[in-house]
Amino acid sequence: MKAPDVNTSPYHRFLGLTLNRFEEGLAEVGLPFRPEFLRADGSDWIHGGILSALIDIAGDYAVWSKFGVGVPTIDLRIDYLRPARAGNLSAVGRVVKAGRTVSIADIELRDEVLELVAVGRGLYASPKV
Amino acid sequence: MKAPDVNTSPYHRFLGLTLNRFEEGLAEVGLPFRPEFLRADGSDWIHGGILSALIDIAGDYAVWSKFGVGVPTIDLRIDYLRPARAGNLSAVGRVVKAGRTVSIADIELRDEVLELVAVGRGLYASPKV
Amino acid sequence: MKAPDVNTSPYHRFLGLTLNRFEEGLAEVGLPFRPEFLRADGSDWIHGGILSALIDIAGDYAVWSKFGVGVPTIDLRIDYLRPARAGNLSAVGRVVKAGRTVSIADIELRDEVLELVAVGRGLYASPKV
Amino acid sequence: MKAPDVNTSPYHRFLGLTLNRFEEGLAEVGLPFRPEFLRADGSDWIHGGILSALIDIAGDYAVWSKFGVGVPTIDLRIDYLRPARAGNLSAVGRVVKAGRTVSIADIELRDEVLELVAVGRGLYASPKV
């Protein structure tokens, strides 16, 4: 399956997202650190809104790897395990189910020292065949 | 309760977030449209990662209105109801429970024509007393 | 819309479930108390597994009221707000979205004194047309 | 860690639950089939309310294995992957995080032929120290 081009999305360009792995049932996205991602002046914690976006995108690309097209997110659960400190982030999405109507992906988000900082589970609309 | 200053967060400045209402148990945040928020070139749909961030933030400020301080998000569920088209967004968070250990907020996100585009439910760590 | 017969389900009979209201977009189920529902000997708290079942069922019947048939649950989030003490329970499901592919319901569960003890949000597969 | 006695819960006795494994960070509960668990007369699918209860309980026992006491569920997400057909069920809960305030467990539920039928993610209140 040909990897999608992350740079066709204005929001992905805005964030500076990279697609680091793209295999059947798995996708890994990376996010090089920018100070604009911090949650508060004087803090070195990254904002939760950055983490949830990365998790959603990694799950979406994982499902894409099964069907060859982008899929709308139906719902998403995110659990924040610990603060993500300033640094590069990476999120790995894995497909749990690729169904006829809906698909599910599990996502793990790690910080620069590979500590697990958040996990997600997303439901995506499978493409109509 | 004094309203928090949204501009003390680098990520909020990056997005251009505004805090439009701040009452006990309720907060409304607004997001003026920027083309960088779109999900794909040639599309007029806003990226889901913008929606989830707004939802998280509105819930967080709603809980803030109960305790007077910002609170970490523990987990978050987002349901996307329909595409959010290019335009200004607003999210209203309402506290469902302000507990000793954890607090819950429900959040509704509307697009510029006030259509409900996504709903969220977030769990936040109540401040230690 | 004709109300469904709760007694056609072995598990509903096992619990002793009743369907108290059934209107377009809304369903209320009731559960008369039985000591078998308690979580621990010597406790007067009802087991969470009873609460989650009631929440799922109320949401399912709410969506049924839109389509005229039972629908499979795709996913479900439950937030427990406070212990449900021994006594009759009732759960009200309301449809948030009745879509072509999926439908969403919000559910509120109250104990005998009408205290809100848990809330749920469920996603259901809309019937194929 | 001494395994908890599942038979001290009226609801666990009502279901006929067994605790099959109990190790640090992991618990497996089993549920021998009874026809009362079916979702509809003439169907051989097990009711979703049985599955959600088993998932909640397996996650709870997994967290118990870390702290030595039962813990209240704060919230729970369940994803139903496919129908669970009549037969014995088993659910394995694994602790993802055992925190000072809250703990998270992931749960997998399998049917008699070991097919994965549902997954869950639960948040539990860690015991006060």
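Order of writing sets the chain letters: A, B, C and D. Residues in each chain are counted from 1.
By our rule, a residue touches a chain if its C-beta (ideal position, glycine included) is under 8 Å from a C-beta of that chain, and two chains touch if they have at least 3 such contacts.
Keep in mind it's a predicted model, so treat the numbers as computed, not measured.
Engineer: Need the most distant chain from subunit D, centre defined as the mean of C-alpha atoms.
Structural biologist: B
Engineer: When contacts are scored as defined above, which chain pair ends up with more C-beta pairs, A-D or A-B?
Structural biologist: A-B
Engineer: On a C-alpha centroid basis, what's the spacing between subunit A and subunit B, in Å?
Structural biologist: 19
Engineer: With centres defined as the mean C-alpha position, give me the subunit B-subunit D separation in Å.
Structural biologist: 33
Engineer: Centroid from C-alpha atoms only, then distance subunit A to subunit D, rounded to Å. What do you get?
Structural biologist: 28
Engineer: Which subunit A residues sit where two or more other chains touch them?
Structural biologist: In subunit A, 74-75, 77, 79, 123 touch at least two other chains.
Engineer: Where on subunit D is subunit B touching in the complex?
Structural biologist: So the residues of subunit D touching subunit B come out as 74-75, 77, 101-102, 123, 125.
Engineer: Spell out the residues on subunit A that touch subunit B in their complex, using ranges where they run on.
Structural biologist: Per the touch definition, subunit A meets subunit B at residues 8-15, 35-41, 47-50, 52-54, 56-57, 70, 72-80, 83.
Engineer: For a test of understanding, state which residues of subunit B touch subunit C in their complex under the given definition.
Structural biologist: These residues of subunit B touch subunit C: 77, 79, 81, 96-97, 104, 119, 121, 123.
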